[in-house]
Amino acid sequence: MQLAILGSGFIARFYAESLVAQRRKDVVTMIYARDPEKVKAFAQQYDVPHYSTNLEEAVAHKDVDAVVVALPNHLHLQAVLACAKAGKHVLCTKPLGRNAAEALQMLQAVEKAGIVGGYLEDLCYTPKFLKSLSSVKNGAIGEVIWAKSRETHPGPHSDWFWSKEKAGGGCMIDLGCHCVEISRNFIGKDMLPIEVMCWADTRVHPIDAEDNAIGLVKYANGAIGQFEVSWSFRGGMDLRDEVMGTEGTIWLNNFLRTGFELFTTGKGNDYVAEKAESNTGWLFPVGDEVHELGYSHMFTDMFEAIEKGKQPSETFYDGYIVNAILDAAYASARSKQWEPVRI
Amino acid sequence: MQLAILGSGFIARFYAESLVAQRRKDVVTMIYARDPEKVKAFAQQYDVPHYSTNLEEAVAHKDVDAVVVALPNHLHLQAVLACAKAGKHVLCTKPLGRNAAEALQMLQAVEKAGIVGGYLEDLCYTPKFLKSLSSVKNGAIGEVIWAKSRETHPGPHSDWFWSKEKAGGGCMIDLGCHCVEISRNFIGKDMLPIEVMCWADTRVHPIDAEDNAIGLVKYANGAIGQFEVSWSFRGGMDLRDEVMGTEGTIWLNNFLRTGFELFTTGKGNDYVAEKAESNTGWLFPVGDEVHELGYSHMFTDMFEAIEKGKQPSETFYDGYIVNAILDAAYASARSKQWEPVRI
Amino acid sequence: MQLAILGSGFIARFYAESLVAQRRKDVVTMIYARDPEKVKAFAQQYDVPHYSTNLEEAVAHKDVDAVVVALPNHLHLQAVLACAKAGKHVLCTKPLGRNAAEALQMLQAVEKAGIVGGYLEDLCYTPKFLKSLSSVKNGAIGEVIWAKSRETHPGPHSDWFWSKEKAGGGCMIDLGCHCVEISRNFIGKDMLPIEVMCWADTRVHPIDAEDNAIGLVKYANGAIGQFEVSWSFRGGMDLRDEVMGTEGTIWLNNFLRTGFELFTTGKGNDYVAEKAESNTGWLFPVGDEVHELGYSHMFTDMFEAIEKGKQPSETFYDGYIVNAILDAAYASARSKQWEPVRI
Amino acid sequence: MQLAILGSGFIARFYAESLVAQRRKDVVTMIYARDPEKVKAFAQQYDVPHYSTNLEEAVAHKDVDAVVVALPNHLHLQAVLACAKAGKHVLCTKPLGRNAAEALQMLQAVEKAGIVGGYLEDLCYTPKFLKSLSSVKNGAIGEVIWAKSRETHPGPHSDWFWSKEKAGGGCMIDLGCHCVEISRNFIGKDMLPIEVMCWADTRVHPIDAEDNAIGLVKYANGAIGQFEVSWSFRGGMDLRDEVMGTEGTIWLNNFLRTGFELFTTGKGNDYVAEKAESNTGWLFPVGDEVHELGYSHMFTDMFEAIEKGKQPSETFYDGYIVNAILDAAYASARSKQWEPVRI
């Protein structure tokens, strides 16, 4: 598979790391970014043969089979439309849109163009998640009655995240999209989300958008999907899922407590982990971030789907449903009552 | 890279799983096993184009660049000699030999043939280990004064393991080889092991060889490498490393406590993990075994080394040192005093 | 201190265990229960000199300084009124009332009688909780913005719990009362609870009352207290608290993961822990339940308060506030919107 | 029970805290220390009615039923002899003697005087240990084949510990005495220790005595008791026990991982835990140290034994055996071979 990556920021690097790791046969052949210097540097660092500062050109390049969108939220729609126009398969980072209306446009565009629209929801591809989900499907915990997912950290690294306009919201759209889709998978994708109750507030940062939120999503069978998100958590990045079923329980810790504990008085200074807050005292690194955060399995699923002409596990349709649930969550935070999910 | 796998048992399957995972560009082109039915079935299962019940033939096949030895311990030497004769790079599973004398023959054979001799010590390639080792090298924990590694489980799955003749010993040669090399890496491969003190006993199983052992390996700088191994541990497979340095501490849990906890009343019946003892109650699966046990990074390192004409991180020389240390351990268990490591 | 215990069921035994442990100078001098056989047996087991099947008589006995109410929820009010009438200090188990109206009557009765009304909220006296709370008060985690408490288990042991009439509700009144008061302590008892949003449902058991509930309690400063309760959790009793502050984080595990792990193939058969679901496989006992669940520190605080003529940390006023919050939670579960706390 | 405490240092305070906690009926009526100011201050702080700078006088005081020896190791013998002379029951902190010869004198003195000689081995009274031991005795893990205990921290707080003469050794006598007795309990006190193999070295501190040691103690039935001790561990105080039985496994964490996790950016400054190394970042406090470290149950057992005229669980005989095992360990560290335990 020959790939173009659009964007050269934080997640673009993660994607590139994941794609060059473990002698994968798929290759990044094109990188697009605005800045001529940065795009060149990125191409050199990851041995990418072509680079461009023109999005349409990058997408249309003959050595590109599929496009990975790694741009800020407000640019997803136009990037996807460009791919649809060029007839290139498109894999878009999360959240799909800033809202369901945008996501629906993207979904319709890929359907019309007859291309694969893959939703890069890495946390639904972590090794722990995949094994858990298959246990759930095998009936190991009976019927799921509650599935909670939590993602909290001290706050994002780039300015655009803090702009409600560009991001589409605060920590809820940024982190909640992961949590919603994780819960939805555990409860079952065939189960419709009905209504949402949500609290969201701006408690710590000097921003317009919410920096803390908790929501409950009720599904057609009565199951509850819960999300807990925060941009003001202290202590690193907390990524945990909990599922209660009638016959069992699942507890996943994806980041801060994975069996890797290191104490240092401070003489070593290397990078510990995404969003770690310090480099002395007790630290909790992750062995292989790109793998444990799901990127390896995610891209494998996406490329196999494209090659075999079928849908990946996470599609634009899923991204759209997530946006619709989050729209209802924002509505509920304002109205202070349960709000219907409009799909 | 085009590969032949010799053997079609437990570890051969692990290797094959690891090699087909994540769209790796390296391919298994040949499988050798004694049984005509089994070898064919293996070839079909993993899409291997060629198979053979003749070891020399398999090794010599033109579509084979490198050979992976996945046979019982007593067959490593002859398999390696066959590869040396055919001039094919050889990657041999652990332990390299049943003793240092065998290992030395293998080391000399690959050196003479001018081929790469890779030692498939997967536990020195787990993501946690690799990150820890780089922290240690960056000085994060100061000087290492003690490095302990522990591998215990309820006992092996195949008959040949229980034969002292075929295996070269009991749990100490089987599991201790991992532990010795893990400690040695943390202490520093440039540091010579000097002497060993060891207790080994047969406490539970009706066998000749030891089913429990503990050893202390003293290095030239006074650092101690400790191993704890057992074939009578109850509760699953316990794989833990602990390192004490003058400026810090490392605790790794590679298997039983990795942030994945599942309780089930027993309705689900799927495979949980290597050596798990039950499938009800609280279970502790591992997300992606081949990755977390180091196979992915191990093969990547081996193939890159071969392609770039350099040595992998774990070589036949390392396997030889491990055997020499274990020889001293067996001597100490008999003599009841510290025994020198003869290298 | 000379004590009467009213009731001889589950919690009465826990209280008695706690009072006889560690050579405490306080003594149980009277036990009341309906059944003549049972009351006598209880008295014998715990060396209690007097016993009675008449509540008023028991309370009025001259060798009784203070009364511990360990009866089902619907009997708390009349027991407290009997103590007020007799002028005996009264320590009442949780929840104080079935609703705020009952609790208010009790609060007014003890105030009028000039006796101490202690609220036996043991989970606000666990050693971990006490140390955490003092860290929070010292500013270790800055301003608390979210305090979550969770109590879940497979369901209660006595029939009366399942009667909405007798218990005042389901798992929310039963377990939520603990969680609400834990969160309230972390947020600060001087901070008023303003409104509550709650989901409650009957998903598993064939009962009238809710067997699962989640609620958010908003305080005057914007902080959120969250509770998660269930009578259908599988795997034991899950008692966890999590607090996010502007400068730190607290995670407490009070029961299922406290550094005590035991695997057994099943030959041992002893009692493992309150609500444990099995006695083979991996088990997670608690060292000293009455101590770790807070009973020791709770009674110490209560008796010191009585002796020194001051209020304990947990009073009838606190019990009343908890009931008022839970009343709002029940209202919200019905109305599907935030409901004000009426105090 | 009326008690004298001899010594007013670190452990004397722990003992006093434990004795005043939870409204215990036993009281400290006398405190002895050399320094007139310090002894007075101690008496005031803990409401002790009598104090003295004369050891014999303190012991002989009419309001003293039993004496708690909390003095440095080299003073245990003379303190015990003074108690024997005065006919007062004596409870002596660990290690009983600096070697078996001293311990034997103490044992013979109490036997001759007809008084109770209690060995204050608190770590054989932690709630987790007590429950584990009773599980082991009920057969929950079958026959014990290996029992390991580990105590490591960054080094002691008082000068006398560093004097081989006063302490009787380094970290092995100081911490190893705990570990040896823990293992011995799990293996069974009726089982004789036969021989010891030990490594001990001075790696970090500028002292005569060992600051790191590991030992194996072989019992008559072939079971192995292992100890790991260090005065150069970084990260706090590590107190862990592990037991392997033919039918099960026990893992106890008594200090650093007990379900209490706190992250702080550093605004709070309170005392976290014995031997904690920092007060920012991730911290792992213990809820109620005197209780979780075993002091409560230890004194309860001691006083009940005295009152009922029977032996406590840990006696001077046990202290003597521990010393004999450690004597063999020191001999082995020197001779580099297994050394017999001479009892």
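Residue numbering begins at 1 within each chain, and the chains themselves are lettered A, B, C and D in the order written.
Here is the rule we use: a residue touches a chain if its C-beta (ideal position, glycine included) is under 8 Å from a C-beta of that chain, and two chains touch if they have at least 3 such contacts.
Owing to the predicted nature of the structure, the values given are computational and were not obtained by experimental measurement.
In terms of the stated touch criterion, the partners common to chain B and chain C are A, D, listed by label. Using the average of C-alpha coordinates as each chain's centre, A ends up farthest from chain D. Once the centre of each chain is set as its mean CA position, chain A and chain C turn out to be 41 Å apart. Mean C-alpha position of chain C lies 36 Å from that of chain D.
Annotation: 53 Å between the Cα-based centres of chain A and chain D. In chain C, the positions touching at least two other chains are 141, 234-235, 247-249, 263-265. Note for the complex: chain B touches chain A at residues 21-26, 126-132, 134-135, 138-142, 247-254, 257-270, 285-288, 291-292, 296-297, 299-300, 303-304. Only residues 234-236, 263-265, 277-278, 280-284 of chain D touch chain A when the two sit together in their complex. Put simply, chain A touches chain C in their complex at residues 141, 145-146, 152, 197, 199, 201, 203-204, 212, 214, 216, 218, 222, 224, 226, 230, 232-235, 244-249, 336-338.
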